[in-house]
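See the structures that follow.
The same subunit A turns up in both complexes below, where it pairs with subunit B and then with subunit C.
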Partner chain A sequence: MTLRFASLVAAAILAAAPALADLVVPNLSYRTGPYGANGTQYADGFNDYFTLLNERDGGIGGQKVQVPECETAYNTEKGVECYESTKGTGALVYNPLSTGITYQLIPKVSVDKIPLYTPGYGRTSAKNGKVFEWVFNAPANYWDGASVIVKHLLDLNGGSLDGKKIALLYHNSAYGKEPIRTLQELGKKHGFTLTELPVDAAAGQEQKSQWLQIRREKPDYVIMWGWGVMNQAAIQEAANVRYPMDQFIGIWWAGSEVDVKPAGAAANGYKSATFHGVGTEYPIYADLNKFVVEPGKASQGGEHVGSVLYSRGMYAALVIAEAIRKAQELSGTPTVNAAQVRDGFEALEITPERLTELGLPDFGPEITMTCENHGGSGMARIQQWDAAAGKWTLISEFTEPDQEVLQPLIDADSEAFAKEAGITLRC
Partner chain B sequence: MLYREAGDFKTSYREDSQTFPLRLDRWGYYATLAVAFLVIPLVINDYWANAVLVPFLVYSIAALGLNILTGYAGQVSLGTGGFMAVGAYATYKLSTSFPDISILIHILLAGGITAVVGMLFGLPSLRIKGFYLAVATLAAQFFLVWLFNKVPWFYNYSASGQITAPERTVLGWFVTGPQTSAPAKYLVCLVFAVGLAWIARNLTRGTVGRKWMAIRDMDIAAEIIGVNPLTAKLTAFAVSSFFVGVAGALFFSVYLGAAEVGEAFGINKSFLILFMVIIGGLGSIFGSFAGAAFLVLLPVLLKNVLVGTLGWPTDLAAHIELMIVGALIVVFLIVEPHGLAQLWRLTKEKLRLWPFPH
Partner chain C sequence: MEQFLYAAEVVVNGLMAGVMYALVALGFVLIYKASGVFNYAQGVMALFAALTLVGLQNGQVPFAHMINATFGTHLDTFGWTLPAIVAIALTALVMVGLAIAIEKLVLKHLVNQVPIILFMATIGLAWFLEGLGDVMWGADIKMLDVGVPKGASEALMTVTEQWTGYGFYIDRLDIWAAAIAAMLVAALMVFSQYTKQGRALRAVADDHQAALSVGISLRFIWVLVWSIAGFVALVAGIMWGSKSGVQFSLSLIALKALPVLMLGGFTSIPGAIVGGLIIGVGEKLFEFYVGPLVGGATENWFAYVLALIFLVFRPQGLFGEKIIERV
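Moving on, here comes the complex of A and B:
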């Protein structure tokens, strides 16, 4: 039996190995499990963008891009299995869409020398390129998100949050705990008090006690760090206790159609942060329709095209594609390896003009990465749900986060990691 | 015919009561050990270590631990995930506080700490039994996960509550951290698995094990013939938790390298290990390994066949995989309620007579 297993696995690995000349960008996705509803849209966007490049431009720099998909179900053990099974195929960059798997992979990728790109999630302090050579988290990270949300609240309150009460409803996991320290610091600076309300990750739907507390304490604002079914349950519960929706703001992972639709009209006015545009009103969708959706090459038939998470997956693919293009330019060869792609990320520059060229004008913030800064500018904006029209509307421009507060935190956290792991600073 | 005991004579009690009384069995056992220690380390690669063999060995140790408690001593436990978390966090705290001491000692110490915690949560077993005890251990599961989430001291005040295994070496070889080679990872887990299985086998066939089994079969009768239920039940909890703690320590430090308590050691883990024990066979050392193999290797195999060879979409394959594994569990339990170990025993019985059963 062992022998048969071995030969089957060997056959499977051989069959899965792409032609060597292709560029390989594995898609560690999750279309099953508790977060499947969210993960599947992201994975579609990620796949479709590369399909578009392959079909329209013949790949990147004339090289086709292969996107082998591997199902992680948001589970770290399966994530490890996926990483190990794809890294031998010449993988250029990983994007696991899970903070837990990211923490797992950060030490591994530094040894295997493969870049890890975690837009809007993962380890915030990976922004410090001096410590995290192989990790990139542009355009924005959790702490940027927290700061942009607080800035939005400051705008609403005429520049002062003194004496306000803000509750943080968070997924009780590495992901949900990330913003706590930043919000505490921001609380000190702006004078608001922070109430922390954890929601157990395994029981995302059970939020009665948290919302009871919110009803009792009547915080001025509720900020949510949720994912999967937790978001839907929270928005429903907020509607049940008649918490004003426009005072309820989610991070970008708590701001997609699947989160608000179950609550119906009651979700109207719910806000969330975001770092990219949404909807199909960008010129790129003409090409996407022509080359991907209509010929039937879209991932899952293109049913999620234009949704928030689809756009985010597409945006992640876009940044990766641009980094590969930059790497090809720097190294002078179209067949780049993982180390060259890392150099490409570090020299990456996505200007508004370039975004317009790519068919996505004003879609994302400007990205400039350097050896020290692997996180870009951190700019994000706020969107609001319009239940009647069934769509998200952008209600603020791209806002710069409060780097004065964030940078010391990032330095402290990354330096602690450097000390623990024995890393000497670069740059 | 193939599997004969004719001519295999024993002339002393010692020989007669050895673990593998049949020569063929013994050879099979030595051959397996030789392959495991001498051949596999030479050919193993990262994929086989990280996705197949290391998880298999770690889960085998956990299943062995639970099997001692549930299979031999008859105490149902749903707290395995929580006890694994104790092992993992103990290793983390020990190895970051005392970096100069060998990680192997830390792993054993972590097992010891888990044994103490296990005994503490085993105390209710003196008064409550069966389903009620299961509920009490379930409380341990939730309490421990909550504790490691709530108290920042356990994760050294890191922003995200994640624990990451520091790099440690044994005899100059990395055994934890990202630079660990595949053979090193595998060998560390193998040494622990073989050593602990050997201890388990020898404990369960000696006085201690007989006391456990007496308690399992009928506790009042056991008490009447002189088995002290206090010591028997608490030793079962201690030994079992030691095994589970070592499994948790290896799971975190060698296998994953980083862990988050709710995700890695949640209630699902407790159920998974309980399923391994039930499918493998209660009260069987071989069964613990067989059950772990079934639930760790089969999903990986199915994934590779369905996605890699047949090229199915990953989500469809993941759903079908769940259905196949689930259906197989039901089939196995209907065909052989005593698990894979009993199936193996029956196969051996049949092979003795084959091809002339009558």
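Moving on, here comes the complex of A and C:
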């Protein structure tokens, strides 16, 4: 009896563990809790891209990719537990989709020598590869997002924001506070005043105080740094106090279908930044349907295919897959390890031609990472919600952020971190 | 004058927010009053009720994901929709069923246990219900439309503009919430004062042993009170879900009910209302005057600090029964 039980346990462990030669990319996802609606779509896109590679191409360089999923519930402690419990499986890279978890993992990945990929979130100054050897955040970071939004406002105002009032409505957390310094600096440069309106992270559903203040002060524009229910509540309150939707712009984490749909037609015209395309009108979706959705292999049945957050999860998986491919090319072996994948990230180049080959023409900006630059060009664009059609429309081309303002901030922040952590600058 | 009008607008909106908090707090009071149990699951019950309501209204197949994954089917909806009133009635029945199940599967086995055990059971219940809601109806954010109007009240804006020169903003949903809360409290008062079951409920609340000795069934009263709390959760779920969609963060509204209960008292229905109004107005005024000086986002902090101050000077809350332990 004991022997039979032991063999059953052994069989279960062997079945659950990745095969020795597989490439392992854990998916630290959140499908439950207050942020589950957002996390589910991202995780589905992430899983489905690797399923596509496995089913269509036999993996990457002939090696299948295993994507073990671990539920973090967007909770920092659980996220760290997930990291600790999966790193021993041969994990090649982590993408935890949480700024809080990212901050906790940065010192850990440096010790464990596993790359951390945080596209559009995490620690902005990790762009500086001289300090953050194991962290990559291309194609864009929060400060890029803030700058691209301000550039859009400049375009709308004939190149000047002098005397304009801009309110920043933000999630009162490490994530929400990220753009403040950048917007202050951009305010000095372009002459706008910034009003900061924090929203309690635990009580995002109730924003009366903030919107009464917006109603009184009538800022020319409201920029939102929200996540989860804070976004839906803010868009509804904006509609309630009749704040013009086309003057309300969110960062990319406040620009998905789940954010605008609860407000119905009232959300029409709301804008957000984004660093990738939207919708299913890309050639890759024909393959996704053929190899993943139709055979019933899509994550959660494929019900979120083509949504903003699904596309973002898929894009993150694509960049990781390309980094692994680059690592295989550099090392001359298909069975790469985490350190080799880091080298792959650092030498990564995703040109427009390569994106077209991958079935996503003009989906994202060109990505070139180097030893110094782990954040790419930072280019982003603006999209606008069309409530009648129920879809986002891209209304600007990819725009470069104001590096003249951003680079000194990134250097100062990363070098302060290096000093504090006793890191010797690389490159 | 302008500052005064702004402050008045903040006060009115604070009162309205307070009503929304009180709607959640009422469910806690009912169960605590009748059984001495602090029902940690009350916020999740509001979420579960709202999920069920939307699911029934849209004709969604419950457990569709699980069925599809197991049998390879592609079930999603039944292809019909239900009128709001029918869906609300059916959801109320589901909440009664839930109350019966809770009594049979959990409470019955915990009779005579100390309150902390019952409290822990409600923590387990909260996690169970959250998971059940997810598996039954999915994690997506759902739009809830039962015909409650939303957006600024034009009439009020025009009238106040004429009287004061400043058009006050009040969300019509909040006005409805205030009216519904008033009706709910009145109905609960009438029920507890003038019906046999209501009197039995009060008797159990006053003294379990004495109530049992005159033949009142404790198990029936528990089912009754959990059913009423389930209905109150449904009302809270409708009002909060109409605001910004039905989603899993709805369970966090319980966080706003706690300071209301600490302030108003755990055993008083009027206390829940008055506590809600004080918290609502207090937190909004504090944010208006002090928030800008300390970096803002003070509302939750203020609500709990105010409740703490009340606890120090009046542990039973404003309307709670004085705690007297004889040795």
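As a convention for this text, the second predicted complex is superposed on the first by the 411 of 427 C-alpha atoms of A that agree within 3 Å, B and C clash if a C-alpha of one lies under 4 Å from a C-alpha of the other, contacts with A are read in each partner's own complex, and residues count from 1 in each chain.
Simple rule for what comes next: contacts are C-beta pairs under 8 Å (C-beta built on N, C-alpha and C of every residue); 3 or more make two chains touch, one makes a residue touch a chain.
Remember, predicted model here, so these are calculated numbers, not experimental data.
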Side-by-side fit of subunit B and subunit C on subunit A, or clash: clash
Which superposed partner A:N268 touches (first subunit B, second subunit C, both, neither): neither
Partner chain(s) touched by A:K177 [first = subunit B, second = subunit C, both, neither]: first
First (subunit B), second (subunit C), both or neither touched by A:T32: both
Which of subunit B and subunit C A:A233 touches, first, second, both or neither: second
Which of subunit B and subunit C A:T40 touches, first, second, both or neither: both
Which of subunit B and subunit C A:G422 touches, first, second, both or neither: first
Contacts of A:N289 with subunit B and subunit C, given as first, second, both or neither: neither
Larger contact residue set on subunit A - subunit B or subunit C: B
Subunit B versus subunit C as contact partner of A:V80, first or second or both or neither: first
Subunit B versus subunit C as contact partner of A:E71, first or second or both or neither: first
Listed stretches 6-14, 24-32 or 114-122 of subunit C, narrowed to the one that overlaps subunit B: 114-122
Overlap of the subunit B and subunit C footprints on subunit A, listed as residue numbers: 31-32, 36, 40, 172, 198, 200-202
Complex interface listing, subunit A residues touching subunit C: 31-37, 40, 172, 196-206, 208-209, 212-213, 215-216, 228-229, 232-233, 236, 239-242, 258, 261-264, 266, 296, 300-301
Contact set on subunit A toward subunit B in their complex: 5, 8-9, 11-13, 15-16, 29, 31-32, 36, 40, 69-71, 73, 75-77, 80-81, 84-85, 87-88, 99-100, 103-104, 106-108, 110-111, 123-125, 172-175, 177-178, 180-181, 198, 200-202, 413, 416, 420-422
Touch list for subunit C against partner subunit A, complex: 6, 9-10, 13-14, 16-17, 20, 65, 68-69, 72, 74, 130-131, 134, 139-141, 143, 150-152, 169, 171, 240, 243-245, 247-253, 255-256, 283-284, 287-288, 291, 295-297, 299-300
Subunit B residues touching subunit A - in the complex, by the definition given at the top: 46-47, 50-52, 55, 96, 149, 158-162, 164, 166-167, 177-179, 255-260, 262-264, 266-268, 297, 300-301, 303-305, 307-309, 311, 313-315, 317-319, 322
